[in-house]
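Please go over the structures that come below.
The two complexes that follow have chain A in common; it is paired with chain B in the first and with chain C in the second.
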Partner chain A sequence: MRMPKWKGKFMIVEAKRLGISIAGKSIVSSVDLHIGDGERVGLIGSSGSGKSMISKAMLGLLPTNATAEGSVMLGDTQVIGADETVLASLRGRYVGAVFQNPASSLNPVLIVGKQVELPLKLHYDLDKADRQKRVIAMLEKVGLDEATANKYPSELSGGQQQRVGIATALITSPRLIIADEPTTALDSITQRQIVDLLVTLVDKAGASMLFITHDFSVLARATTRCYVLDDGQVIESGDTADLLDNPQNAQTKKLVGAARELTLQRKQDCDD
Partner chain B sequence: MTKSKSSSKFSIVLRLIWRRGEGKFALIVLASWVVVSLVSLVWTPQSLWATDGYHVWAKPSVAHWLGTDGTGADVFSWLMAGARTNLFIAILAVVFAGALGILLMSAMVSRNSALSNVSVVAVDALISIPTVLIALILAVPMGASVAVVIIACGIGYGLNLARIARPQALLAANSDYVGSALSYGASGFSVMLHHILPNAMPTIMVQLSLSAGTAVLAESGLTYLGFGVPSGVPSWGHSLATSVKFINVYPLTVLWPGLIVTIVVVALNVFGDVLRDAIDPVTNPELRRS
Partner chain C sequence: MTEQEMLLIGKGISRVFGKGKNQQRALDDVSVEVCSGECLALIGGSGSGKSTLTRILLGLDQPTSGTVAFEGNPVDGRKSAGYQALRRESSLVFQSPFTSLDPRWMVTRSVAEPLNIQRKRSKTDNLDIAAKVRESLALVGLDPDEFLNRYPIDLSGGQAQRVAIARALVTDPKLIVADEPMSAIDVAARLQILEAFAAIRKSRPETSIIMISHDLGVVQHIADRIVVLHNGKVVESGGTDDVLNRPKAAYTRELVAAASL
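Right, the complex of A and B next:
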C-alpha cells in the first residue's frame, strides 16, 4: 500500500477566521468552526449564505477566482494555501465528499462499479480483483446489489444514485465526510433513508462529518451540534436539539420559525 | 475477461451500426476499401507498370475492367493500388489529428488558466491557416511526398478537432462529476482520462471520421496541385491528376477515381454519424447490458 503523506490517525477540523471572497466580494468572513474526532456537525443557513464555499475551502477546491484567508486545519494539515499535491493526497483518502445533486455528480458514461472504484485506484495499490471485491462490499453496505456495479447512473433512481455517491465517498474509509446538502434533490422518504444511512456508516467508521443543509428536520436527524450561517458569518452555534428548541439569534429564530410553520402547514394539509 | 468484454462491446457496436441502412452502406464501403488495399499488396489484375501502347484510353473490357489511361496502364489496377496509399494517409492523418487535437483540447480546458488562455488563442490563430498552405510550407523542405499530406492534414484537422471538441470537454470539465472526482483526489490527468475524454468521445469520433474523409479529398487536391503524393506512387489523387486534363475527351478515366473518392468520403461521413449513435451507452440499452 502506498504510504499517505498525512499520517494523522484522527481527524479534527479547526477553521479559524476563515474568509472567502470571489472577485473582491466577500462571501464568507471570520468563520470559526470546530469538528471533533467522530463528531457529526451541521452547517445550516439560507441559500447563498456561504455554506458550500466553506466545504469547498475545506477540500481546497475553491473556484479559481476565489481567495481564502484565515486557517483551516484538517488534522495536522493546513489546507489554506496548501500545495495541490498535499491536497490531492488528503482528498478522497482522508476527506470524502457527498454532493447535492446525485444525478449530475455521477459521470453519465461510466458504469457505477468503475466510479466507485476510482478513489481506490488513486489511493491504494490494490490489484483489480481486490478493488472489485471492495467495490461490491461497499455497494452492499449502502444497500445496493452487485448488479448495480454494471449499471450506468441513468439506470438508477435518485436515491440509488445518492447511495452510489456515498459509496464513492466512503470506499477509502476517510476520516472526515463533507456532505453538502446530500438530500436536497430527494423526496422526503429517500431523504430520511439517506440521512440514516450516512449517519450509520459514519458512526460505524468512527469518522467525523460536516453536514451542510438548509433543512432543520434533516439537520436534527443527522447532527449533534451545529453552526447557523447567515450572510457568510456564523450567527449561532451549539447543540442541535437545544438550538432548535431555543434559538437565540433573531435570524435563527426566523429560520426555525419558518421551518416550523412549514411543518405545521404540511401536517394540517395531511390532516385535511 | 476484459478482452472478451471489450470484444463483445465491439461486436455490439458493429451490430448497432449494421442495423441502420446508412450504417450498412458505410461498413460495406469501408470494409471493401480495407480488403482491396490489402489484396493490392499481393495482387492486381494487371501489373502497375505494364503499359500497352496499342490500347491507350481503352474502354472497359475483360482485360481492362475499367479501361486504360493515356499510357495504356490498367486503370483498375492503379485504383486498387491507390486504395492502400489513401488508406495509409487517412489512418495516419487521423491518428496524428486525434493525438494533436486531444492534446490541444486538454490544454484548452485545463484548470491552469494561463495554459488554457494561451492554447485557446493559439488554436484560434493557427486554425486560420488553410491545410493547403500548411502543405505548401512543408513541401518547401520536404518536397512532394505522402508525409506532407499526412502532416498537413494532421495539423489542420487536429486544430479543428480541438476547437470543435472543446465545448463538450468544457461542459464535462465544469460538471459536478468532475468536481466530485477532484474531491476524491483525482489528478488533472485522471480527470481527463476517466471523465472528460469519455464524455467528449462521441464528438471526437464524428470529427475524426469526417477528417478521414477530408484527408482522402485533401490527398486528391494536394496531389493535383503537385505537393502531395509524388509521381509514380499510386493514389486516387494521382489517378485524377493524370487524367483530368483529358476529361473532355476521355471522361471515363476521370469518372472512376472521382466516383471512388466520392463514395468513400460519403461513407466516412455517414460512418461518423452512425458510430456516434452506436457508442453512446446512455441511448443504447444493449451496450449497457454488455
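Right, the complex of A and C next:
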C-alpha cells in the first residue's frame, strides 16, 4: 500500500476540509486532521460539537441523510463517497471501532467467543481451530479468562463488556482504532483501567488510535496529541500536555478548567 | 447529635435478591445517617449497591433486614408515618435529565408539577406557584424569562439537569437525593451542576443532600461527609477532608487514584 507521509511517518488517516451537514444544517465544517503511524491522537469537545460525526465519517457510517464534502483518506483509500464494498473491506481490516456503550454495541444474543470471532470470520480465511485459538489469546490480552467466551454480554459487568468491545476491535489487528467515548458509560476506576488497557494494546500492536472524549483528564492519559472541536470546527490543536498546561482558546480553557476542577486536589500525597 | 436530630437513619440494612443458588447479596449490614443540612456523598463503582441503598432509604424498596427512620419515624411500608413524611419532604434528581423530564412539557410545567400535586393533596390554594418556579430556576442559575417556555429539546444537557434540580427543590424539601446527577453530563457542564448545588446549600442551609456518584472528584467541593460503598458493604466513611487526604481502605485509595490527574 502506498501511503502519504507526514514528518517522515506514514499517514494512517488524513482528513482535509471535511464538512458534514444533515438536512442542510452544517454539523462539521472544514476540519483538517491527521494521524501518523503509531500515534495516539485525541478529539475533544463538548456534546454537540461534532466529534462523533467525524468518527462516523471515517468509518463510513454517516447517517443516510448526511452529506459529506472534502476528503478523508484511510491510507490510500478515499472514504468520502466510497461505495459499501470498499468501506466494508476497510472496516475490520484497516480500522476498528470501540463505542461508548458496550451494552448496545455488543450483540445480546451472541456469546462473547462468537462475537470476538466474527470479524476474523468475515475478513480472513482461517480455519475454525485457528480462529478460536486467536479469540482465546485476544480475550486473555484484554484480561478476560477463557470461560468468558461462553458467556452472553448480559452476564458481564460494564467494564468486562467494554473489554469484549476492545477485543472485537483489535482481533483483526487493524492499523487504526477509533475509540468514541469508550469510557463515558463506566465508573471512575473502570474508566482508568479501560484507558490504560487501550493504550497498552494499541501501542503493543503498533496501531494508531483516534480517541474521542469530552474529558481532558481522560485525554491526558490516552493521547499525546489532540484536536479541540467546538461547533463543528477545530479551534485548537497540539501536544495534549501543552494544551492542558497552556490552553489558548476560550473553549479549550473551559474544558481544561472543568477537568482540573473535577480532579482531586489533595493536600498531601497518600503514602502508597 | 441525638437520633431525634438526625433526618434520615438507615440501620443494619441488608438486601438479598433472588433465591437459593441465585441469591445475590446487594447490601450487607449497611448503616448510614444524614443530619439536617448536611451533604452526604455516597460513593461506589457500578454494582456496589448505591442505587439499591438509595431506593431503600427512600422507602421505594424494602430491606431484607434492617430499618430506616425519617425524623425518628420508621419508614416501613406505604402506610407508615415515616414513609408519608419522607415522600412529602424529599425529592429526587436522576442521572439523565432527558429521560426524567417530559419532552412534551415546557420547563414551567415540569418545575411546577410537584407543587401542583401538593396543592391538590393539601387542598390549599395559597401557594404562589409561578413565583416559586421562578425562584427555583433563578437559584440554579437559569434566567426564568429565558427558560420558562422552553422544551427539553431546546436545552443543553447541563441546562436540562438544572431544570430537574429546580423541580426537585421547588417544594422546599428537607432532603434532596441526587443519583449520579453529573454522570450523563459533559465535563464542562458538570461545573454548572455543582454550582447549582452549592447555591442550594447556601440559600437553604436546612436542606440535606445525598449525592450519589462513582467519582470522588465531583463531590470533593460539595460533600461534608463521604460514605464509600464496595460490594454492598461500607468500606470507609468520614469527613470529606479525611477520606480524600487520608484514605484508609484499599478501595478508597483506588478511587482517589482514579480521580487524580
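In this text, the second predicted complex is superposed on the first by the 252 of 272 C-alpha atoms of A that agree within 3 Å, B and C clash if a C-alpha of one lies under 4 Å from a C-alpha of the other, contacts with A are read in each partner's own complex, and residues count from 1 in each chain.
The definition used in the following text is that contacts are C-beta pairs under 8 Å (C-beta built on N, C-alpha and C of every residue); 3 or more make two chains touch, one makes a residue touch a chain.
Bear in mind that the values here come from a model prediction, so they are computed numbers and not experimental data.
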Now for A:154: first (chain B), second (chain C), both, or neither, which partner does it touch? first
Look at A:64 in the shared chain and tell me whether it touches chain B only, chain C only, both, or neither; answer first, second, both or neither. first
Applying the touch criterion given at the start, work out whether A:220 contacts chain B, chain C, both or neither, answering first, second, both or neither. second
Using the touch definition from the top, say if A:175 reaches chain B (first), chain C (second), both or neither. neither
Identify the partner contact of A:118: answer first if only chain B is touched, second if only chain C is, both if each is, neither if none is. first
Is A:110 contacted by the first partner chain B, the second partner chain C, both or neither? first
Of the two partner chains, chain B (first) and chain C (second), which one does A:40 touch, if any: first, second, both, or neither? neither
Using the superposition on chain A described above, determine whether A:131 touches chain B (first), chain C (second), both, or neither. neither
Under the contact rule defined above, give the chain A residues that sit at the interface with chain B and also at the interface with chain C. none
Going by the contact rule set out above, which residues of chain B touch chain A in the complex? 111, 113, 175-177, 179-187, 190, 194-195, 198-199, 201, 280-282, 288
Footprint of chain B on chain A - complex, ascending: 59, 61, 64, 88-93, 95-97, 99, 101, 104-110, 114, 118-119, 122-123, 151-152, 154-155, 165, 168-169, 172, 178
Using the touch rule from the top, collect the residues of chain C that touch chain A in their complex. 45-47, 156-157, 186-191, 214-218, 220-221, 241, 244-247, 253-261
Looking at the complex, which residues from chain A come into contact with chain C? 46-48, 157-159, 186-192, 214-217, 220, 254-255, 257-268, 270, 272
